[in-house]
Amino acid sequence: MLRIRLVEEAIAEAYPLQEMRCPVHLSIGQEAVAAGTAAAFAPGDLAMSGHRSHAHYLAKGGDLRALLAELMGRENGCCRGRGGSMHLIDQSVGFIGAVPIVGSTIPIAVGLAFADKLKGIQRVTAAFFGEAATEEGVFHESANFASLHRLPVVFVCENNLYSVYSPMSVRQPSHREVFQQAQGHGIPAEQVDGNDPEAVFLSAKKARSRAASGGGPTFIEYKTYRWREHCGPAFDNHIGYRTEGEFEAWKKRDPIELYKQKMIFQGHLSSIDKEEIRERISLEILEALKFARAGGIPRGLHDFVYAPKS
Amino acid sequence: MLRIRLVEEAIAEAYPLQEMRCPVHLSIGQEAVAAGTAAAFAPGDLAMSGHRSHAHYLAKGGDLRALLAELMGRENGCCRGRGGSMHLIDQSVGFIGAVPIVGSTIPIAVGLAFADKLKGIQRVTAAFFGEAATEEGVFHESANFASLHRLPVVFVCENNLYSVYSPMSVRQPSHREVFQQAQGHGIPAEQVDGNDPEAVFLSAKKARSRAASGGGPTFIEYKTYRWREHCGPAFDNHIGYRTEGEFEAWKKRDPIELYKQKMIFQGHLSSIDKEEIRERISLEILEALKFARAGGIPRGLHDFVYAPKS
Amino acid sequence: MSDLTYAEAIRDGYREAMQKDPSVLLIGLGVPDPKGFFGTTSGLLEAFGPLRVMDMPCSENGMTGIVLGASLNGLKPVLNHQRMDFALLSMDQICNQAAKWSYMFGGKAHAPVVFRMILGRGWGQGPQHSQALHSWFAHVPGLKVVMPSTPHDAKGMMIAAIEDPNPVVYIDHRWLHHVRGPVPSGHYHVEIGPLRVARPGKDVTIVALSYMVLEALEAAERLAQDGVEAEVLDLRCLRPMDREGVLRSARKTGRLVAVDQAWACAGMAAEILASVAEDSQTHLKCSPMRLALPDCPAPTSPVLAAEYYPRSGHIAAAVFQMLGRSANLDEVALQPGIEYDKPNPAFTGPF
Amino acid sequence: MSDLTYAEAIRDGYREAMQKDPSVLLIGLGVPDPKGFFGTTSGLLEAFGPLRVMDMPCSENGMTGIVLGASLNGLKPVLNHQRMDFALLSMDQICNQAAKWSYMFGGKAHAPVVFRMILGRGWGQGPQHSQALHSWFAHVPGLKVVMPSTPHDAKGMMIAAIEDPNPVVYIDHRWLHHVRGPVPSGHYHVEIGPLRVARPGKDVTIVALSYMVLEALEAAERLAQDGVEAEVLDLRCLRPMDREGVLRSARKTGRLVAVDQAWACAGMAAEILASVAEDSQTHLKCSPMRLALPDCPAPTSPVLAAEYYPRSGHIAAAVFQMLGRSANLDEVALQPGIEYDKPNPAFTGPF
């Protein structure tokens, strides 16, 4: 969690330097979902995400250096600079891809699970998306198919209350919860505190074992909150689509602070280790930024349009 | 009901003459849904349908002569011959249109209700579709929006167990019912015997008053059965996608036969009236066929692509 | 080598590819149906079982994403649409996702998936069951697009499409399904790229697509009666498109007609004319012509539908006009009539 | 007459249409947002209230059907997409339904609806946020398609589109939003059809679309320095397309260049070349040229993105080449560089 937080903050800090010339959707405030689910899933499992995917990519073990290099459009980026922040991939750790068309990776993730089931591969796929993605019909088409074939997939929905500047009230009926849509497809679903990494871990663990044991898909709605602007490095509570008060209330429930306190209280963590961890991560980030800046400029506009002749 | 049945049978009979050179999706066996809902709705209400729309068009009061003329591709058809069986319209009675892309009229019907609500017009819209249309994401997008804005629309789903030759088992999970998908959107929904016109009437009446009184949408799943082939005039139980036994069991529950017996038993109908009614309808159909055959051949390939300059 | 219908040739293509590679999977609405998806899948369910010849929910966009995902995870799926019109629901998955998968991830992954779409026509298919929007797909880099016109190519290109590491849009015209022709037995590829010279000639180049190749050949017959030797090119592949092949022929004959059963504006006929026009080495003796659909949706009424489609007579008439020959147009141009709304006399509808 | 940005001009067009007709409704993701949908809706929520300036769920296909239905029931909705790429989810409702509504029902009903789509470019918009697929819509009868390039036309065409009884696809390029120009006050139409002669000339005809008109005018400036008088045509409407206007100019200059920020294959540049080629009255002095996007998706990396887009220098260079003038290409062609991935120096990202 802390690592994700520090990476995102480093990106926010570096962004004004204009080296990262692409949209960035930061996960600050929502780290517990990525961290908790990653801990619950196996390294061999697969994952896909959408526009806000840095946290999912990192939690799954995605290469930090390749992430930052990609944001800088360098040849050593995870997409060789062709994709940018909105297109992340690291197949070596099972992160199969993220794209910014809302909802569009959901069926693709279900397709991964479909192939695993047909081939008898024991593996679970996690599909990460925001609550607005459930407004796309393709989510429902994917849920129906996953339910029909009892596919080993877990639908991980981060409900941060907004789609860009649009609150839930203009997008979804208030008289039903997001997760209930999945129940309509016969999929076990629940709502969980997305700022409590342990609650996230436990619910994800349950869902994963259901999937792994042939029990089919699960849908989990994690309630959480995005701290900064939808796209970009800044805070934007002042522009009027949400209140400073709402933000402050959620900030008090900072997943990292809460968890840290708990660990210290339980004696798992001393403030000394804490500092050590921080420093280790900061160092790693500095080196990753160096790596990224040292990356070559992409050449070959027409490369990769098609697979090389085999 | 009887009128719909006799019209559809007349079409089936005439079809081999090759005058009706277009796909026809007959409603024989499913008449009770169209008849029962039509009785429950007001003449001023609106309706839309899909590929299997003859019954809905007729029950809403659509012009029989214009229907048959359209099937024959004549200038006096309801679409001036441009549409054929899969594109029916009679705005004079509030039948706003039917098109054969599965599910595609559902959002359009919701849009009619949306406009009525915005303009404060007291009117309810009925969207007719088959159970396979709930597999299209656009159904869910439409349901979410109707639920969000509490729109005066009733979703009328005829579950006849098949989509062309495909049974439910290859399309939807058996561990949830079709209507439960609507509940996931916070929409009141129920399953009703679609071969019992009175049950259809009562459920539709309830749904209509809910919509009319600002209570928002309702989804009703009517269980029913298509007697003949998906598209065309023949019976096709022999080709193997369903059993003769299944067909026979449903045929015993012929909505028209059942209702007739009941009426006679209750003394509302004597076998004499019965014959009279039959003859009256048959005569009407004969005249409509004459009207259709007398229709002119459409000219002007390029007419109607755009609205006339106003 | 055996004599098969186009539909049987597709089925054989499927069978060869499925026998060779267990990761090949057929899916689509009605793919395992009793009528064998217009005869193009007959017997395959029995041969390969329900896990490789699958039906699906009526969810075009979702299923397109699902087969894309499966193709990223070791399978080679073929998604079958009974009409191209239905695939409009899945343009995001086909063009935003599948077409760009390799490029946007810097070549780290590829999507070996086939999107098969059937073009409807006649017998009241009308505005929403007979669209031919192949130029849309040809417009998009990252896709390959094929439209075979012979049983030989139908099989060889299907196998090539399935075994191609890239997403391929495979388009077959409903009116070709009953056409017979020689088909090699066994496994073979028809390369995705080169066009086919369907008939050599020296007076005029007629570039045609899909079913229109048959109309063009019929026109060439008619023209030959008056001593006009038309060269008929079966474009066969829209992306990549064999521009060199078109130019070679156009340079030889100096005259060009493009025939496409699709709308003209920004269609493939436009691309063919533009490709020749912009080539500084090619000089035509007269203005090239496009024979395409009238600029309106497909009407349902058989009489209007018959007027709607360009036929061999119109092609012949166009060529005569180009040559300044006062051929009697009424004589060459077939009269429109309702019998023109069906592929063959045996057909009694509905599709 | 006042000096406004293109974005302000669209907003004024909205305001005029909404003031005149209470049935006009704006809807789309973020339409009432604090930033005024890139400034094109600023102040309208306050002026017309939340029932006429509406947000919506993230359901492009469903919402397209819903506004279509509303347009059949007395409203005149404008559905706004922040990127054209998102509209790919709604091709069924736009092209199967709205485009055919009048025709398939024999003219019994019409759909006065506007689908507005913004074209993204630069600052890492990349493969899925910068597609320009306007030729797809131009291909489809039943739609009207406009791409204004000036604030004057942006307003007048928006009003004309909203008041048109047919479905209109209105396309505005993100890089035009900040461009200033004179805009008449009050209510006026710019007719959907005729092209605009952006700059008269006699030596070469440059037909450009949307933002590319600005690049073409810059190129014309450069050409003028060497005494070459280029006529720049702002096509402005793709459907209906003003073919006569293009032919008139091409006949006069005898040279043709089509400039489109879109893929070449079966694109609008192809349509322009084909329309001129097939006209027997028009004879060009040399082969016409297409300046379009390279045949690959849009890369995100700013360096590649800068190479990706044709700019004024490339247009000028192409014309010199056409004239056989040995102009120093390096000198006229702007060097690619990362600064070319943003519309104006003030911009610091993200979009």
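Just a few scattered comments:
Lettered A, B, C and D in written order, each chain numbered from 1.
Simple rule for what comes next: a residue touches a chain if its C-beta (ideal position, glycine included) is under 8 Å from a C-beta of that chain, and two chains touch if they have at least 3 such contacts.
Worth saying up front: this structure is predicted, and the values here are computed from it rather than measured.
The set of chains in contact with chain A as well as chain D comprises B, C. Set against the Cα centre of chain B, the chain with the most distant centre is A. Here the CA centre of chain A is 41 Å from the CA centre of chain C.
As a whole-number value, the distance joining the C-alpha centres of chain B and chain C reads 35 Å.
With centres taken as mean Cα positions, chain D sits 31 Å from chain C. Centre to centre, using the average C-alpha position, chain A and chain B are separated by 45 Å. Across the assembly, chain C contributes 56-57, 59, 61-62, 85, 89, 92, 96, 103-104, 126-128, 141-142, 295-297, 299-300 as residues in contact with two or more other chains.
Shown for chain A are the residues that touch two or more other chains, namely 77, 79, 81-83, 87, 99, 101, 135-138, 140-141, 144, 148, 170-172, 305. Contacts from chain B toward chain C in the complex involve residues 16, 18, 21-24, 73-74, 77, 79, 81-87, 99-103, 132-133, 135-138, 163-166, 170-172, 231-232, 239-241, 297-298, 301-302, 305. Only residues 25, 51, 56-57, 59, 61-75, 92-93, 96-97, 101-110, 141-142, 144, 165-166 of chain C touch chain A when the two sit together in their complex.
Taken together, the chain B residues at the contact with chain D in this complex read 46, 77-83, 87, 89, 91, 96-97, 99, 101, 104-116, 118-119, 137-138, 140-142, 144-145, 148, 303-308, 310. Chain B meets chain A in the complex at residues 135-141, 144, 147-148, 170-173, 175-176, 180-186.
Within the complex formed with chain A, the chain D residues making contact are 29-30, 33-35, 54-62, 85-86, 89, 123-129, 294-297, 299-304, 307-308, 338, 341-342, 348-351.
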